[in-house]
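Note that subunit A is present in both complexes that follow, paired respectively with subunit B and with subunit C.
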Partner chain A sequence: MSAAKQAPRRTPQFALLLAIDLQMKLKRALAFRLNFAANLLISLFYSLVFSLFQFCVYAGLRGYPGWSAGEMLLFQAVLLFWTGSVDLLFGGVRDFIDLEVTHGNFDRLFVWPPQVLVSLLSRGTNVQATATVLAGAIGSGMMVARLGVHLTWSKALAFAVFFAAGLIFYLALLVVYSACTLFMVKMERLREVFDRVLFFASFPADLYAGAGKAALIVAFPLALWVYLPVQALLGRLEHFAVLSVGSSISLLALAVAFWRRQERRYVSAGG
Partner chain B sequence: MHLHELSKPQPVGERARGRLQASDALFSLFKHHLKLRLQYRETFLFSLVLHPLVMLLILAMFKGVYAKQQTVLGYSQSQMVWYFGSSQFFYYLVWNIVDKNIAQKVMFGGMDRELVRPYSLLSWELVQLLAHKLLALVFEFIPVFLAYWLILRPDFLTGAGLAQYLILTALALLQFFLLSFLFGILAFIWQDVSAAHALKFIVVNVLAGVALPIAFFPQAVQRVLYALPFQYLFHVPVQHLLGRVDVARWDAFAVTCAWHSAWLVALFILTEAASRRTVRHFLSAGG
Partner chain C sequence: MIEVSGLSKTYRVRARPSSSVWQSLRALFSREFRTVTALDGIDWRVREGQIHGLIGRNGSGKSTLLKILCGILHPTAGSARVNGVVPWADRQRYVRDIGVVFGQKSQLTWELPAVDSFYLHRSLYGVERAQFERTLQFLSDAFEAIVDRPVRSLSLGERMKCEIICALLHEPKLLFLDEPTIGLDLVAKDQVRRAIRAINDRLGTTIILTSHDLSDVTSVCDEISLLDRGTFLYQGQIHELLSVVSSRKLVRLTLREPVLSCRCDSFALVPTGEFTAELHLRADPISFQPTLQRLLSQLPVSDLSIESLQLEQVVGAIYRGELDTSHWRKAMPAA
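Coming up: the complex of A and B.
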């Protein structure tokens, strides 16, 4: 069959690529079983400890305005679910691009069938985060039941929308990080800032004084990661919270535009 | 000189010259890493822009908290904000990824080259790290420290406190380097040691108090954390910076340094012993 008659090759979907990467990572992890088992335990332990010491802050600061202890436990469980989910889906993206650019292997992404950005974002799954996702999901379910939250379809839908918008915002940050790596190569500092950002999202936005809360919901919507999904479950969303969904989509569009610009300027050997 | 002559005892003068050449070589190595790091100087600019913004976020967070109270667990507002801001200084001056570097060379090749250099792996990694941290001190710590000063004046700060903080941080740099190196050389046996890297986050954020002041933990947990050597990585130095210990008492400071040094010596002995045992397991061609 001539090349002209061949059916056009379909590029794999993003979700499919994620699934394939997850499968490969699982196989690789099973080759280093001891490390995998230790990693599962450590990541679960770290997530639990992280949630626990957030609770220590709650106690040390004599509570947060408008949050009961039970509601804070729900917040911690959703935080666990959130951190586990982003780690499971995109936890290795930063490592991947750092290695590819530093060792000069990034060019090969340009000859892969999917778009470069799609290839990049689908190669960073982290199978070790499974335990954290499960712990977060079980904890959230238990706390919803204990708090007697009447879970309606509208609440569940609002939770899903804000959670998905949170993922979109996280992707926007990852795209900006990757675009910067193309021309800066060494990104240690930005990595640390990236991790610090999660720290601010691990407190209710009510804790921030003045315009800080509005900024965290609309301008730089960190509140999408944990605060707004929990507020959706508890049925006490602010009216302007929906703006955060719009800003997360806009920020992703801006991030992709920035990526395209950097991609055009990329000349290999570190940009 | 023939190979068999290497085993003969050398005259004192030659030995001294040999040591001089070794120190010259290490200094050249230091300069080499310094130049290498300077190629990526744009990354330092990130600190100057982003970390003051992070400090502003911390300030916004604690303004609300301190509206109702003067102190929280003995920390004034400026001390608390600076505590969280200073966690960034830990990353500039102490944090390293030596374990990851070693593990990558074991897994993906390159370690055989490291092992035949005329320096030990430990010296090579340490010199590289020192060059990196010297640049971080000049281009990140000092400017960001001044930026923090403009954002929130440190009413607690004294010259003695700052000097003691820097001395203790230098010791912490060595301590964390040895710890990372110890985790890294486990790759000779297990190849993939990402679990150890994850363990480092627990050490840093929980046991050293980088994520949260130790005072926030329950009393029983605090007792355990104060008995462990990891508090020297961040908690102890930052207490001197924040003036939460009597910085005028240099004798007490000397005792702190002595304890810290004792932990360092113990860790060095452990690292050396582990290094000799683990390297025997190394096989080139990917471990």
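Coming up: the complex of A and C.
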């Protein structure tokens, strides 16, 4: 039985672990098919209603300075795509760490070969968000076509780079949240603060003038999530926007350093 | 296999002077801390291929020791090497060679068949598919386990067998079993114990077993270590521990009158029912007979039995402080 035992074993990569978790979650969801179908429809409905409501409010209040109605719809569609993507990949991470740390189950991540942080971040996929991702992708595609945007390789690449940098910044915030959970255990209202901060990304950074806009693009680059990818598609990026990519990577590095410090001081709950 | 030397772990915990609201409010502004010693400079050695029982009451330091040896916690002082590796320093490499089952925590996905969790485990440990399938087949047969039904529909015993299989799929050299029979009925306990023995016999896996059920320990373990208040009271073979206390006998009495109405100041009677009681007596050849005669003359005894102490009774007596264990510690081999 153990003849082949000494064959070298590789630690699975983050992307592979995410894929495995998605596969497991899909199997779990399909174990209760009606519930899965109902959840998909409801989450799609909510996402669309929220986006349309926001569009109506801001169109009525002239809330998006310098944005046409079509561009505002594109913004909402990309917002839908962003929200769905983040929810699909990391939507359950906060629930996972909250539950595991409170109940003392977090120990099991320490007895798996990948790094604890890698195991944690790859355990929060949410297949229910698939519908939102698809709706966002289709909506974005339709609006790009309707606006007559000439989609060049450079625009597509810029969109992908800013979107990926946005994911990196989101991960940085998630890592800080997780590290805080390790020593605070209960996060409750701080979790609400986290959500309120994220809400700022659902408005174009043009709403804020001067330093406020620069802060949202460079210092705390929430603009990476929707605003900058949309600006990339529309071909009207400001030069300093590229700083946000470096900023997101630096913030992730700082967040990981903070996590490592807390991980060393982790005190398991109970026997 | 396991070599632990001078290992200590202390926790800094918040002191709670009282449960009053005022004290709780005060604690928001000024907190007092105290240091709790979970492990107090212990030495420990476990040989390869053993099934070693680690026993101790709640809060004795068992879980802390296991968590340090699993690489979860960092010790405050001392050293530990398992297979030549320091668990907390080289955790990622180290955990490939260990399997862990926490009896009260699950590695399995509740809604799916256990075999799906096994495949996740295969990916986590990077086990080659053919090897994984051979191992799974062997373990499923050894444990007579049901692996293709959703975990939520399995009995506790079946679930525990799947937990142990999951921990063994990457063929670890060392397996930590933390209360694997907790909550199981007699039949399921017996199945799990037989499977643990089979794994040890056929794969040579070293197993560290913690349990509050001492019949687990007596039925599967080669040696035991008894931990209390962060230090070892005993390390060695079970029969040696029992021989150390073989000079003590358990006397069970049935009386003609209620136990509480009997006056017997010179014996420490422990009532076990209205008319029944038990006590421990020294059984040395010179004093045993006179002591027994004195007991019979003082009490209205209608029936009695004299038994050698079982492991449960010895450990219970140690926990209650009725046995002096200081000379065992001196006799224990240094690690």
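The rule we apply is simple: the second predicted complex is superposed on the first by the 259 of 271 C-alpha atoms of A that agree within 3 Å, B and C clash if a C-alpha of one lies under 4 Å from a C-alpha of the other, contacts with A are read in each partner's own complex, and residues count from 1 in each chain.
Going forward, a contact is a pair of C-beta atoms (placed from the backbone, for glycine too) under 8 Å apart; a residue touches a chain by one contact, two chains touch by 3 or more.
Every value quoted in this text rests on a predicted model; they were computed, and no experiment measured them.
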So in the superposed three-chain picture, is A:V49 touching just subunit B, just subunit C, both, or none of them (first/second/both/neither)? first
Should A:F203 be classified as contacting the first partner (subunit B), the second (subunit C), both, or neither? first
For A:V57 in the superposed arrangement: first (subunit B), second (subunit C), both or neither? first
Partner chain in contact with A:G212 - subunit B first, subunit C second, else both or neither: first
What is the contact status of A:F32 with respect to subunit B (first) and subunit C (second): first, second, both, or neither? both
Interface residues of subunit A shared between complexes with subunit B and subunit C: 32
Residue positions on subunit A within touch of subunit B in the complex are 32, 34-35, 38-39, 42-43, 45-46, 49-50, 53, 56-57, 59-62, 65, 99, 128, 184-190, 192-193, 196, 199-200, 203, 207-210, 212
Quick check: in the complex, which residue numbers of subunit C touch subunit A? 11, 58-59, 62-63, 67, 70-74, 91-92, 95-96, 98, 100, 102, 105, 107, 109, 111-112, 116, 120, 123-128, 130-131, 134-135, 138, 150, 170-171, 203
Which of the residues in subunit A end up touching subunit C in this complex? 1-2, 4-5, 7, 9-12, 16-17, 20, 24, 27-28, 31-32, 104-105, 107-108, 110-115, 119, 264, 266-268, 270-271
Please name which positions on subunit B make contact with subunit A in the complex. 40, 42-44, 46-47, 50-51, 54, 57, 60-61, 63-65, 67, 69, 72-73, 88, 91, 95, 97, 104, 140, 190-195, 198-199, 201-202, 205-206, 211-212, 215-218
